[in-house]
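Pasting the structures here.
Both complexes below contain chain A, partnered by chain B and then by chain C.
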Partner chain A sequence: MATVRDVIPPFQLLQPSSLEEAVELVADRRDDAWIIAGGMDSLDWLKDRTKRTEAIIDLSQVDELRGVRELDGGLEIGAMTTLTDVAESPLVRERFGLLAEAASLVASPQIRHQGTLGGNVSQDTRCWYYRSGWTCYRAGGNTCYADTPSAINREHAILHASRCVAVSPSDTAPPLVALDAQMVIRRGERERVVEAADYFVGPDLDIMRMTVLEPGDLLTAIRIPSTWSGARFYFEKVRDREVWDFPLVNVASAIRESGGRIEDARVVVGAVAARPLRLTAVEQGLAGQLLNAQTIARAGEVAVEGARPLRYNGYKVPLMRNLVQRAVRGGPLPASA
Partner chain B sequence: MAQEDPHSAGSEPTGSESTGVSRRTFIKGVIAGGVAVSSAAYLFRNSPLLTGGSARAGTVERLVGLTVNGQTRRVDVAPHETLAQTLRYKLGLTGTKLGCDRAECGACTVLVGDVPRYACSVLTHSVRTERITTIEGLAAPDGTLHPVQQGVVEEQGFQCAYCMSGFVMSAVGFLRKNPNPTREQLAHGVSGNLCRCQDYDKILTALERGAELSREVARG
Partner chain C sequence: MGDNRLVGQNYRTPDLVAKVTGQAKYSEDFRVDGMLYVKLLLSPVPHGRVRSIDTSAAEAMPGVRAILRASDMPAPADVVTDLGETIEANLKGEQALTDEPLYAGEPVLAVAAVDEETAAAAIEAIDIDFEPLPFVVDPLVTLRPDGPNARLEGNCWGRPADNPQAPIDVQEIKWASADFGEVREGRLPEGDAQEEWQFGDLDAGFREASLVLDETFSTANNQHHVLEPRSALAYWQNGKLFVHAGTQSAVQTVASLARWMQMDMEDVVLITEYTGGGFGSRATGAVIYTIPAVLSRMTGSPVMMRISREEEQYIGGIRPAIHGRVRAGFASDGRLLALDMTCVGENSAYEPQGDAGFAGTIVSLLYQPRAMRMRGTTVLTNTPPRRAQSQPGGMQGITIMEPVMSKAARQLGIDQVAIRRVNAPVGKAPFGPAFGDFRPTCTSSFLVEALDRGVELFDWPTRLARSGQRSGSKVRGAGVSVSTFVAGSTGFDGLFVIRPDGRMYIQSGVGNLGTESFSDVHRVAAEMMGIPWDKVEIAWGDTSQNLPWTCVSGGSQTTHAMTRAAHAAASDAIAKAQQIAASVLGGNPADYRCANERISDRSGRSMTLAQVAQRAVQMGGRYDGHELPEDINEFTVRSAEALAGEGLMGVARDNYERDGTTFAFVAGFAEVEVDVETGDYRILDYLAVGDSGTIIHPKSYGGQILGRSVLGMGHALAQKTVYDQHYGLPLATRMYQSRPPTILDVPRNMQWDAVDLPDPETPVGAKGIGEPPVAAGAAAVLNALSAAIGDDLFQRSPVTLDTILMALEHGQAMQEPLTAHI
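Let's look at the complex of A and B:
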């Protein structure tokens, strides 16, 4: 049992009570404040003293940022909506069941009751070298400690690594990318809307960030357009324990079929790269095909093309292949497959 | 919140004098420091209480009225203080345990409103407007145990019982929403709690008995 010696080092606490106050504060204090929503990712950094902050902007009192609303035939989910509320929302369950499913599989009940959707998609990676405070690339150094001959890297990337081999740990990110969701971001007076696929960044683009959020930005909502409503959805997460654990690999898909033929597909895999990976080659290969064993097998093979496992994460290649096949098929593969 | 004056609280706010910085001089200081005036309204006092350090200048209210187990208690809460710390070290409610202090064991589970949360991983100020219930607040004023506690007594569900208050709080919160769960659903409901003695089977039997007794109480 960890020794409980953890008084968080002091910080100033700023608690805006409305959205406009929050936007203003986040912009004003962009140089020295850290936003917390549920705090489930943030507080550990501070307890561990691997990151510090002068000030915390706590969004807990900003009720405007909570809740699920209908918008143009789709949905708008406030950034502060808890994962439990996402998982239990009748609107989300009815229209975009894969997102409800993903939210219900995050961590543990208590964490879902506090952790927010905005925090879930904005959380930092769980690479423990980085989280333990090693000065790796992501922390501004010039080494990746997870990619050395003796490194323990069972949870790390098999695709698109670029110096850093950390992965995106989020369970809700793949469904949101699959649904063509949009992130609504405020900075002062200006609002911008970013496609979920572009919200997440890999180390090739910026090795020290997981998302496009910059200091001064406030994520206010996540919009899910009606584009995929009525499609066939699939979400699956594989983890070591059935509670608490982050995904080893997760998969989300949305597939539209007509007469046994696939019209259009989205297939997105998490925890294999630094951002949720939309598998466009798989999607293109599926379009227009009959949904049969051959199509399914081919999708799995295309999915893992170019995979480069590290010493301890080779298992992720067949795991990802199988999960993509199951996502395309819509369930477990028959024993013979 | 912004209007709250620590001096109107009735009792003397410990420590606010010791810094020698009044709210007025603080606001001036903030303007001089180039931060928008509006920010000043949301500042909380930085407390030396837990660290033994000295308070930084430029801080305001840390005195909150926290509603715990049906009573509103005035308590001096540092900005960086977790709910578990406030409950255990400020209010003396040591029934809430600390196991991991990292949201990974459930020993610290309390109800915020009706919802089980990890008290180790939430700032007290974030939940200062909510009703908080700890294991100490479950029994009736005459000492009658809560049905879930009674279930634990009857089935002797725990061994060392370090994890017990967390499990009981999780079960109570879960049962408020799902009064009639199967054993499997109940197990899922308390899946955010670990037991080092590993007797989940007996724990579940005790909590199931608690659920049964809760239904009997509800039926009257």
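Let's look at the complex of A and C:
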């Protein structure tokens, strides 16, 4: 049968107006409904008719899922809070500036007004073979088109590829992992809390999913503990265009220092693997070290150990190395260097 | 002319309020009762043939009204141009639909249904099978001895050697394996060229040269990315076809539609008040517009065809990429003594674009080499149609040549502006090959003046002093580029009527694609007539409104061509008004002048133009358009006949002499800052200085010069097409994936200026400005990049951060310069 990549096929529109109604609907319709937050990822799939659904559960009317609240000295951010609201929230900016920064660099102003934090961390990969409807591993097939001799894979993975070489496109995921955030997931009456680092899954674990969310699950909120409040933060996104672009590589870090010595660190890199990578070897190497040129250089080198570039993405290795160094240093190489 | 100074002044264009308030209706915004909707079935393969098809399930679906196949479409027909020349139909040219698709995404059939949901579902209900055929998506691959061809008949267009008068047809061109010997070193192979010309003594030039460079550079394929896709609405009333569609040229699109539909022009009406961009991709509309027209005829209902962004990426058109190789010999003062240029252009499997050859023509004018050989070859690939894009050929040729000029300046120790100045065309400079003893010339060039103005305004010495200086992770670079392109045609018609109400009704056949020339050019006529702008009404955008024959708004023709036509029509009306005045008031016609809505002589004889118009109606004949000039186009004749008797008619063909071919020039200056830790770079500042004669409307001029500069910057920064060569399929099928520049990618405070010196070969002195800013924008950025990070680190555009970072990391270029679509 022929293909047409336009016009969303008819669907049943379900618009719960409360959290409990939403949770119930998501559970009841777990086999045939598609949950839409801002729709920035979903509508593409549906309009392309590459993925289909009988019903859409639109969360836009659920006010309880929106907003930034103080919680136990940290923050709880509703999954439906728009990226604009995250970027502009005084609480987020004051305590976890790297998350506000990351949210402000997502896509474009229009997309940030509509896109949500929950959607941004739950979005599917942007591998252009997969998005174009090629029947790759991730789409249930038995090959990876992005990892062939002719493949154009400039934007693909250099680390932890396992059959699939797609990458996580999220800008807010690395800061959340760096901040030890927790993802609050409802499934019927049951609420479970998953560490952000465990929320994202690579192809080694499940090649057809980007997160642990299963049918029937609803991400309701993201909690950021007070753990890293007051630490030195860094976020940087490198992309081809200054707006409306996914990261080629992004980096987020939280570093606690005392007397010129690093006490503890979180360093997370995005768009180099299918999930945001927390660089524990780098973090361990930094702990207890003086913040000097040698420490910075070493952190970058350790970060990219084991990287395996493809034909067109070799640049991601020095880019990731340099971004990690910047994160540890706290910025670009200064003029005096 | 009293105080009625309009040329050179800013004003509110008649489309402005509608555009900024959203009142303006583009083709997709129209609704008609009983309208059907179209969806297209696009080819999933790069080359194939429909082997079997079953549409029965689709036809049985409620709401499906018609399924249109290629065989239902009118066959390609011969064209008779307005010069009376017959162009034979190219039976292998692009059609609206095909059973042998030659690129992935090519429309194969169309379904009309009561709504889009039904039409899309009907497409999915069609069982279609394609016989896969050989394909290729890389020009150098098809040139190899064993390379596949894009068409079964071959991989290029040409004429048989023994019959150069034959119509062009598909042929095969292959180069020898030995020609590809230097590809690994990044050098373009130089096999036998399709097109070759030469002037001067090349060998002597190289012998005398102090420096000889041999450089290869590749430009990218770039989609036009018009904001309004090729959507169209069509319906029939009383045997006439009405089409709402975007186009660059209102009047000449009627000619195209009539030809594609095999109809008389009188039976085609085009409504096109607003068009969301063209850039050469729809100079006279698009053949795809015939789909709703034919479906509407089949169904008896109005038919809307909404084109999606992805469909637009396929059918919208692409600027041809060119691989170029240049051997250039320079004297110690930077003078270009010898230039040996080879260009390989990538074409779709449809009509050939002349970019690869024209690149050399433009380069020959811009750098005035003492001797030059140009070799151009254009080969076919299974990729979407190549169409002219702003500064076609010139943009690529200059982008190939500019890095050579920059490198030569550095090696010779000459300032970047100085080397361009010493080679710049001056006055009526020659270009292209000689025809016997004669070499064609441009009408004027004030490029040196533009460069000098730019040096001052951009504070070039200060930028130069910090160019290449590193501070932390940042290093700056300053670059300059020159540019040129043809900027005007001649021979079109002007038409207006001054009615007894004292108002001037101007008929504009120009397309409104955003340049404002549809209105700007007529300021000339109003100024000459002495009629204030608020008493001028412009009819445009609806070809039933009696419009004159008008140039195509492509190749920067309009400002030149239609200010001439406006001048001719106004001169005609003034002469008539003088005779009327003299006959009514006495005196000598030649002593009368038009100003302040009156015609008067110095002795105090005077009457209003309203009175003149009244008198013209009474006198009839040629005064009110009942008798018309014999040399105007038949299209203009019909329009003028319909307007006859309404008042004083100005109607004339532009018959002004012109010595030379009209070209405009630009000097572009850029400063960039590169972050050596990421490879990312920003354009900090940009200045473009134009030489395109007298400026008609400064605001639209500024919009053109800076807007087209941004188009060029996009070619330097990130914009490209992407194909997987093994499958022959596109990967960057959306705007965000092919990455045209955004407003945040360009400097916030870009500046423009112009030398504003009139061209001596046109009565108003104005030339077009649309094209030459493009290459200047692209190449000034590329040159600034080299100034920042060094020569030889990139050999293709766009230059993205991965290229820069890898080159800095490895101390040498690491990219693949000659692989297409990566």
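Basically, the second predicted complex is superposed on the first by the 327 of 337 C-alpha atoms of A that agree within 3 Å, B and C clash if a C-alpha of one lies under 4 Å from a C-alpha of the other, contacts with A are read in each partner's own complex, and residues count from 1 in each chain.
In this section, a residue touches a chain if its C-beta (ideal position, glycine included) is under 8 Å from a C-beta of that chain, and two chains touch if they have at least 3 such contacts.
None of the values given here were measured: they were computed from a predicted structure.
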item	value
Touched partner set for A:39, first chain B, second chain C, both or neither	first
Which superposed partner A:163 touches (first chain B, second chain C, both, neither)	neither
Touched partner set for A:25, first chain B, second chain C, both or neither	first
Chain B versus chain C as contact partner of A:256, first or second or both or neither	neither
First (chain B), second (chain C), both or neither touched by A:332	second
Which superposed partner A:148 touches (first chain B, second chain C, both, neither)	second
First, second, both or neither for A:243, with chain B first and chain C second	both
Partner chain in contact with A:314 - chain B first, chain C second, else both or neither	second
Touching partner for A:9 - first (chain B), second (chain C), both, neither	both
Chain B and chain C footprints on chain A, overlapping residues	1-2, 4, 6-7, 9-10, 242-244
Sites on chain C touched by chain A in the complex	39-42, 44, 116-117, 119-121, 123-128, 308, 310-311, 471-474, 675-680, 682, 717-718, 722-727, 729, 731-733, 736-737, 739, 741-745, 800-803, 805-806, 809, 814, 821-822
Chain A residues touching chain B - in the complex, by the definition given at the top	1-2, 4, 6-17, 21, 24-25, 28-29, 36, 39-40, 43-44, 46-47, 56, 58, 60-61, 84, 107-111, 113-114, 242-244
Chain B residues within the chain A interface of the complex	1-2, 35-36, 38-39, 42-44, 46-47, 50-51, 53, 56, 58-59, 78-82, 85, 98-104, 106, 109, 115-118, 121-123, 125-127, 129, 170, 174, 188-192, 196
Of all residues in chain A, those that touch chain C in their complex	1-7, 9-10, 49, 128-129, 132, 145, 148-152, 154, 238, 240-246, 248, 312-316, 318-319, 322-323, 325-326, 332-337
